[in-house]
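Chains here go by letter, A, B, C and D, matching the order in which they are written, and residues are numbered from 1 within each.
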């Protein structure tokens, strides 16, 4: 079959590996000083990062405003659950995800009027708008600077019974199921015809347009999907902590998810999870290391610079290039004038 | 309607705007001439303010503080450009953004490690103290002087870039590095010069702004975001655009504050969205210059 | 005013309290706590939160959350210094530990205290994350800290959910012990309401009754609750509220707000901004000549605000702080003078001449208060510790005898009212204030329930 | 037979410079048309207007009896005009097959389709297009190679392959043999000869041997204007052409 040549293989290796890892993670993590809650947090960021990877690693759009959607999804979910408007956690999560996606469409429509540098600046600026809106005009619903506390532990009616997710480990597996679903969907997306077009846009947007693809529409579509990922992750964060923090909207949050995605490896889908793991783990490990304390950000910042400068594919990218497990494409060569002239 | 207040806010908008214009100009120079967007631009602003603060505390001279702000950032700019940025001129804009973004984090945290996170008082220079009674309001002298300093600086930069041989080489070097090379001019030095000019302007603005806003390691972040808004409104890469954008932004903030202070920031971004919809390349930007 | 809670003490503990203060020198002879301890430790308690896992060894872990980075890191640093000093004294004796009869200077209930510090970056999320780690991994038996009301409220909610005692660092919002109060959270700093109520009589006396006030308010609940309280109490003394301007947290240039304020026709400028924002707004107000025509009031003066704006500007400014080192040896306030002196001296010695601010005081006093409660409860079992803290038993520390109110966990404590000194009157570079009054806690606290506190359960 | 493409007095000005001046052009179905002229004659600008990269300042373009003036490149491609670029514009990190799949998808799926859960093999006809283009461009052996790793000549063939994979009615070839060795050039000429059986072609080319071997009709441009048009023999003999462009060399 000739289409094999374009990576259209139904391999389940990556999915299987990720599933096994997700099951085992809370059991192996304590061996290196981790714990279940940290594992959950890493998965939430990893899910957030998959969206980031879809737009950046697969389509080449560097958004500095993803926190807007993370926060939106989180606060919608948190509002619905904490006020008791909804009791079913899944419905609240879905509502948050959808609202975040709608915001993504709106912001995407505005920001995608420009590409490259402009796009990054605009997303950053619109991220700030959401931050200000959350803090003042919408404070009645979002709690402003205080955030929204008091989310109940998840309840999932299955028809015949209602699942109560109470222990830390149960919460972990609840988030792990969401993460796996997100990962599986993302894998399908990047291997779909649409995914092929996205990679073409990453490689050479002008040519992708010239051969007949409506590039702005594809960008908007994937931007919306990424916003949905961010929204779902935000919703999970609130559910997991029982509290939705206002800093989910902050510029720093947008920056961190970029750093995690790059450190882990953009264009791999699993990279953001690796990056989030490293970031969260080092952050805690270094913080408690005597004499390093407040310098953890410098160390991670320098690591990031080195990776951007020399190892553009990040950690997961490097590993997967080696073993070919998550491979969908090879290392992007620096775009030269030839590609963009 | 209180007309005195409106006039006062209009004047204040001009003062706010002139600093924004100055910061945005540095950003726009590096972009317009190097095609590089510097997410560490706000950090240069902050480092300039700290350098100025240290100098002012030692020498009690604001002129020396200004000089120090510009020179320290010049030195920082040279190091950063030689070690890191020069590797990125030919890489995609996303990589440039990422590396300058990483750089910003590292520098902010280093400054925090050295000076602590405390907000520090930057004393008002003696000549800037006091206020002028303009008849209808009392307005701080220093803010009036800032308008003048900003105007002079903007003019000076304009003259350097557009009326001198250096400026000519710089602009030619960007347009066609090969030809300038053939003419025997070292392009890498030109690139360095542009980057450093952009950085210096930021450092200089940091010192000017410091007596107004106090100095802390995070002061660069908000300035960076606002100057992004300014260049989006004015048109990235346009000299006139950054000045006009700065003043427009300043006026929007000031005038909104009269009626709805808590919406001042939101209004600013709303204006930006409006420009994007009606004129995506910015008020003074040229189409296709991305 | 509900004073019952402040005086509802068992005869036994009152007895102990009297002994403790009157016979401070004879601490070792007070055998009673040991008896209580022996009796209580015989009881076994079910596992709850990090109990008993966190105290099964010979150490007990305290998780400190503070601002190592971020815009409140100056206050956060001071806070950490206070915790460290308290833990040092609890483990090795010294400072006020020798003044509290239950405390041995050999740890708490025989367990040596250890601690870890987590960086909140002045944001709720990293704070919650750090606290979660302390609880889950390190089995912290108590968590404490931070300098932002928003963060403190988030931490208290977490503490409630995880059933670990939480002592809030700096937090002035009425919500902390109001609608967001928690069974597991305790706050020793005066609330916004207490600040305002304590301040009002002084303002009436010093500034008269015909004043017109304009407010600059940070746009979040700390700011708005403090504004509401200030408005309420100043209007009661006859003042007019001309206007108030909400500014987003983290604003750097206040000029547009200040023009409005300068144009407002008011003669009193109430600046509610906090931290870096307080410094920036005040400096700029000075540039606009606002202090030529207006008197400034800062209801809750941030630790490092005077350092930021300078003594010139702070001169003549009225406000409150949780504690001020000028209480040390201050004959006008005998109930606080001696103990404040002990704390000040110990702090100066430990940190080589750096003066403590009120954030360090919060940390120090509350850690000792908690240790005392654990000793008296005879167990680390959280509900017992909480009930002991709720018992109304007074502990005599820097501010004199103070106790938490059972109904909302607000500490009933005096509120120092301050006035900025002229630079020429300053004895040293940290001598920014004169203390114009100490309003007794019972007079300042809001009626129980005013801010909608409903404490959740113990388990 | 009516013209497939008709440009009526189109003009493109950049500021003060007139790159293309009142130029008219007719292209009949099934022919190979060459566009020649010295550097700066306006050939590339004309091409860009035909392919939708530039919008004419004035004038009209009709394709298959419908106006296409001012449509963007994506839209023009949808109408059946596809261009291969003078400077190679491929997707460097995709394999040769993946490269060809991209334009084929545009043809088979339309300009936009939200099908995140479909598989590539679910796109009907994709395998056929891919196989066909690989064969036509003689790239079957290199199907799995990353495009950036191809030899120069192969990249040029892939470049044409990309344009071809959109299954156009009209193919614009912008200097298909630029930078090629004589060997490679010869191969490309062969290739284009094969193509002309199924698609109408306009080619901009500097190599006169190639032009005269391929073209049914030649249009000569000079300083933005058309100075001559006709079958190769006629152009070869045309004095104005010799004067302006060929400089009497032939």
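The rule is simple: a residue touches a chain if its C-beta (ideal position, glycine included) is under 8 Å from a C-beta of that chain, and two chains touch if they have at least 3 such contacts.
Computed from a predicted model, the values in this text were never measured in an experiment.
Undergrad: Which chain's mean C-alpha position is nearest the mean C-alpha position of the whole protein set?
TA: Central chain: A.
Undergrad: Could you work out how far the Cα centre of chain A sits from that of chain D, in whole Å?
TA: 41
Undergrad: Please tell me the distance, in whole Å, between the geometric centres of chain C and chain D computed from their C-alpha atoms.
TA: Here chain C and chain D have centroids separated by 77 Å.
Undergrad: Take the average of all CA coordinates in chain A, do the same for chain B, and state the distance between these two points in whole angstrom.
TA: 32
Undergrad: Pull out every residue in chain C that's touching 2 or more other chains.
TA: Residues 69, 219, 246, 248.
Undergrad: Give me the residue numbers in chain A that touch at least two other chains, ranges are fine.
TA: 132, 136, 294, 297
Undergrad: Give the residues of chain B touching no fewer than two other chains, as numbers and ranges.
TA: Touching at least two other chains: 109, 112, 262, 265.
Undergrad: What are the touching chain pairs in this one?
TA: By the stated definition, chains touch in these pairs: A-B, A-C, A-D, B-C.
Undergrad: In the complex formed with chain A, which residues of chain C make contact?
TA: Per the stated touch rule, the residues are 68-69, 116-119, 121, 123-126, 128-130, 132-133, 136-137, 149-150, 153-154, 157-158, 161, 173, 175, 180, 219-222, 246, 248-249.
Undergrad: Could you pull out which chain A residues touch chain B in their complex?
TA: Against chain B, chain A makes touches at 56, 60, 62, 110, 113-118, 120-122, 124-126, 128-129, 132-133, 136-137, 251, 255, 258-259, 262, 294-295, 297-298, 300-302, 304-305, 308-309, 312, 334-337, 340.
Undergrad: If you look only at chain A, which of its residues touch chain C in the complex?
TA: 33, 35-38, 41, 132, 135-136, 139, 144-147, 149-150, 168, 241-243, 245-248, 250, 252, 280, 284, 287-288, 293-294, 296-297
Undergrad: Quick one: in the complex, what on chain A touches chain D?
TA: For this pair, the touching residues of chain A are 1-3, 5-8, 10, 185, 188-189, 191-197, 199-200, 203-204, 206-215, 217-218, 221, 225, 329-333, 338-339, 341.
Undergrad: In the complex of these two chains, what residues of chain C are touching chain B?
TA: 67, 69-74, 76-77, 219, 245-248, 250, 252-253, 255-257, 259-260, 262-263, 275-276, 279-280, 283-284, 287-289, 304, 307-310
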